[in-house]
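Next up: some structures, all given as structure tokens.
After this come two complexes, each holding subunit A, first together with subunit B and then together with subunit C.
Moving on, here comes the complex of A and B:
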């Protein structure tokens, strides 16, 4: 089906609720993952709130879709870059984020961390190395 | 559209998927299967239950590729292939089984 594997990066920059961007981005990622490309996600600015643990949407009448991020590994999306400065600016650490893992089929389903903490400078290099970048 | 289950009318969308997930009872699957000319076996129920558990955990219906792999891991390699799943659900394991399970159409199913 595919001639050449391309590197796709989805930038998530907005808070999860209040707009449809975060959920739409996630849906696009899940659909796009069917095309056997090298897909990774980055969370920066308010986008880091998308993967904060303990989300509760009971008061805002929106579906809490945060459990869906845990399914990304099943879709072979195993690289989730999180920008360190964005966390720090919001008083967050990596411990405030969901423990997102993927299972390596080649190593008897060993669980591995999906989250890769990067500095702003490192993230710039990651972006530079992509074929296609989508910003949400 | 709608289906009649236990004397109650349950709303479905234009493709026959339940509009309200919470309306689901096992009879929904039985009735939908009968309309498709299928008799549900324990093997069908393995997949339907698996899909409901997956949705419960991740809030999405898995794509067929993901379903196939996950079934292989959970129920054994001989079941984790599309031939086996299509034999059970001839209209597509994603689409048809999700409909029976009361879930929305899988994300990525066009």
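Moving on, here comes the complex of A and C:
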């Protein structure tokens, strides 16, 4: 295994239950966390629905995997970029999203926001700065 | 250049596997290295040897297998995605009590770590999907 640390970005572009992409992307993120890379996630297009709060899948007989996003901080996945325009186009605001936090062990486990709201233009720069971009 | 290839869609339904194949073949013919081809999501469906397309159509599975034979390609199918979709090798049949296998011998089933490793080891990860 190489000791080089790469910047990994996972692009989440689809709504959570209409297809399996969101859940299987999350499986890659969780496995990938063991490889100690510099990981970020981005939510754009219908992907912003993945982290909307209050998800209830009882009526569709599918597993509600949204609690997994709250656990990402424990996997040292602490940068979740959310594209502002994608929220606005869907009539959503950041208040509709889960309150995703991580604990900073360098600052006495202070709770910090994982969600970083960015414009489409800013997200393009984030993508440009990566070594590896997974698109789901 | 050293590439890792990820194929996210099944054969025939979607062009992703065709595009990935043509890209991989062209890269190899130009002397580039393909560290690994990783099949994920419905992409695992590219690995069943039971695929039987009409005779006047391309055989996507056999085409990948021939490329692997020629260039000693490492073609890996994600185990979790494969289990969901009924792609089975001897080991999985044994472990999960299944009465058959269907994987083509040029493919192997392994974990998602193989995808992450491929992304780390390669200069470029190229994702083919929807």
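Assume the second predicted complex is superposed on the first by the 134 of 136 C-alpha atoms of A that agree within 3 Å, B and C clash if a C-alpha of one lies under 4 Å from a C-alpha of the other, contacts with A are read in each partner's own complex, and residues count from 1 in each chain.
Here is the rule we go by: contacts are C-beta pairs under 8 Å (C-beta built on N, C-alpha and C of every residue); 3 or more make two chains touch, one makes a residue touch a chain.
Bear in mind that the values here come from a model prediction, so they are computed numbers and not experimental data.
Touch criterion met: A:132 reaches subunit C, while subunit B stays clear of it. Touched residues of subunit A were counted for both subunit B and subunit C, and C has more of them. Contacts of A:27 after superposition on the shared chain: both subunit B and subunit C are touched. When the two complexes are overlaid on their common chain A, residue A:37 makes contact with subunit C while staying clear of subunit B.
Touch criterion met: A:71 reaches subunit B, while subunit C stays clear of it. Of the two partner chains placed by superposition, only subunit B is touched by A:109; subunit C is not. Counting contacts by the rule stated earlier, residues 27, 31, 34 of subunit A appear in both its interface with subunit B and its interface with subunit C. Within the complex, the subunit A residues that touch subunit C are 1-2, 4, 6, 8, 20-21, 24, 27-28, 31-32, 34-35, 37, 132-136. Interface residues of subunit C facing subunit A in the complex, by the touch rule stated above, are 6, 8, 40-41, 80-81, 84, 111-113, 115-117, 119-121, 125, 127, 129. In the complex of the two chains, the subunit B residues touching subunit A come out as 57-60, 62-63, 65-66, 69-70, 73, 107-108. Touching subunit B in their complex are the following residues of subunit A: 27, 30-31, 33-34, 63-65, 67-68, 70-71, 74-75, 105, 109.
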